[in-house]
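One chain, subunit A, appears in both complexes that follow, with subunit B as partner in the first and subunit C in the second.
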Partner chain A sequence: MATFDLIQTVTVGAGGAASIEFTSIPQTYTDLQVVASVRSSDGGGSLRIQPNGLTTNLSSRRLEGSGSSATSVTDASIVFVYAVTLSQYTASVFSNITIYIPNYAGSTFKSISVDGVMENNATESYQNLVSGLWSNTSAITSLTLAKSTGNFVHHSSASLYGIKNT
Partner chain B sequence: MPTKLTINCTTGERAEVEMTAEEVAQQEADASAFAEEQAARQAQETAAAEAKASAQAKLKALGLTDAEIEALTK
Partner chain C sequence: MDKTYEPIAAVTANGSASDYEFTSIPQTYTDLVLVIMARGAKSATMVLAQCYINFDFNTNYSNTLLRGDGSSAFSSRLNNSSGLWFGRLPAATATNGVFGTIIANFQNYSNATTFKTVLSRASNPSGELDATTGLWRSTSPITRIGVATYGDGNFVSGSTFTLYGIRAA
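Our next item is the complex of A and B:
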């Protein structure tokens, strides 16, 4: 039976923050999961996932659906998630983003899967599914969620869970 | 300077620190790359919509009704 342990939760303060970084991640679990509730301070809705503070050896395929159209994007050098609720969207609505990283402490390349939504109740909502790869054999000891523009606003939060078999 | 929020998962220590110049440069590069991607996508969607409208107009000129065109293009 698998157990989910909450490792840490962080909530953004009044000044906002351009990135959230979990450091010194325990190596005692099999998988990691981040559950984020975030909103953007500007019109940019993307965030970058950065293992161990690095921006290299990353690639991804991103599927996006808006309700009226669907697109697929290949990113050769980055893992982007386009699901941070934009500032012009309905007030006080935060997006839901789940990031799953199996075998994060192992010595093989690390897959990263993401499921995220950002909503604008008046007109539209976006669904993002991302399959990412970090082509690095190092164990993941830190994980950064970085806004591509602007900040995560006050009350945005991210929780890191460890998953293991018991 | 933008700030980053860090949390040490072992000690629970939290800190709000200024991003380094390198991190700010990375953020700017991300913003630029994403803006380009969005512009390319928008251009692609506009071109597809224009092609669809053009095709529908040509079908209408051939004598198809709106219902027939809709049935073909659904």
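Our next item is the complex of A and C:
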């Protein structure tokens, strides 16, 4: 049996979608990884990660590069990733975002590690490294990637993989 | 279809050790990935997790670090180090229940021609996050990988260390 299994892929249809959701996540893996290719319908480049669809007990720290400076910020109540390609950026460019969640089915708080980058044929574009925390001991059974404003555009996609350590 | 991402070994800490090592690593993969979910037992907010290769504790390593702590970003270099920096994990006085995550990639680990490079990402949700590039100045194939706090206390019970092998074909 493979140890790096595709659980589900979600592709956004015509008209876009404000969120991408994985439901009924099997509890049989050790870790989860999401690989997303997404673009925004508006000038907002953020997405929020919501385990079990919840918006509470979340926090994160970001390391962000814009092409001209590097900053680090704390987001006290969300797991926030600023890496969704903006609508005004170069056409047809979708961002790459990887989300890693170890021990998602366990009883500890859940650590969420994110690497994301949008690209733009111009002087400005953003890269984000994020360390997120869901201070909840429940197993993760669903996972939502929600736009803060606007939608994910048509052809945006995200795949959820399960990883086993045995 | 052949497996291309396989677990080689997994260890769960029992709280009594500050050092975990994978030995006799098969030389049949293209790359290695080490995934760590851990917390330090020392009475501190954070402890540094470092990596050593082939039981080499000499000054054959160098590191470039990019770090964000939630308020500022900075980068630093360390030459002639005795280990690879992986990042600082939450420890005993950090928020209860928080474990850090480290994902490290060892490319072309089994060749006997080039020095070995390592890319690692550390996420400490209660502290800081690191992106590190490391170099081990040896042409020897990697057969052993260790993770240690270098005398900075044990890893708490429940910490996990898993080594995966990736085949390109």
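Odds and ends about this structure:
Keep this in mind: the second predicted complex is superposed on the first by the 163 of 166 C-alpha atoms of A that agree within 3 Å, B and C clash if a C-alpha of one lies under 4 Å from a C-alpha of the other, contacts with A are read in each partner's own complex, and residues count from 1 in each chain.
The rule is simple: a contact is a pair of C-beta atoms (placed from the backbone, for glycine too) under 8 Å apart; a residue touches a chain by one contact, two chains touch by 3 or more.
Predicted, not measured: the structure shown is a model, and the values here were computed from it.
Look at A:61: by the touch rule set out above, it reaches subunit C but stays clear of subunit B. By the touch criterion defined above, A:73 lies against subunit B and subunit C together after alignment on the C-alpha atoms of chain A. Judged by the touch definition given at the top, the superposed model places A:17 against subunit B, while subunit C stays out of reach.
Once chain A of one complex is fitted onto chain A of the other, the partner contacts of A:6 are absent, as it touches neither subunit B nor subunit C. In the superposition on chain A, contact of A:48 is made with subunit B only, not with subunit C.
Contacts of A:108 after superposition on the shared chain: subunit C is touched, whereas subunit B is not.
Look at A:147: by the touch rule set out above, it reaches subunit B but stays clear of subunit C. Once the two complexes are overlaid on chain A, the subunit A residues touched by subunit B in the first and by subunit C in the second are 71, 73.
On the subunit A side of its complex with subunit B, the touching residues are 7-8, 10, 12-13, 15-26, 44, 46, 48, 55, 69, 71, 73, 78, 80, 82, 144, 146-149, 151, 160. Note for the complex: subunit C touches subunit A at residues 1, 3-7, 10, 35, 37, 66-73, 75, 95, 97-101, 103, 121, 123-129, 131, 158, 160, 162, 164. Within the complex formed with subunit A, the subunit B residues making contact are 2-12, 14, 16, 19, 23, 26-27, 30-31, 33-34, 37, 41, 45.
Subunit A contributes residues 2-4, 30-31, 59-64, 70-74, 100, 102-103, 108-109, 111-113, 115, 129-133, 135, 137, 163-166 to its touches with subunit C in the complex.
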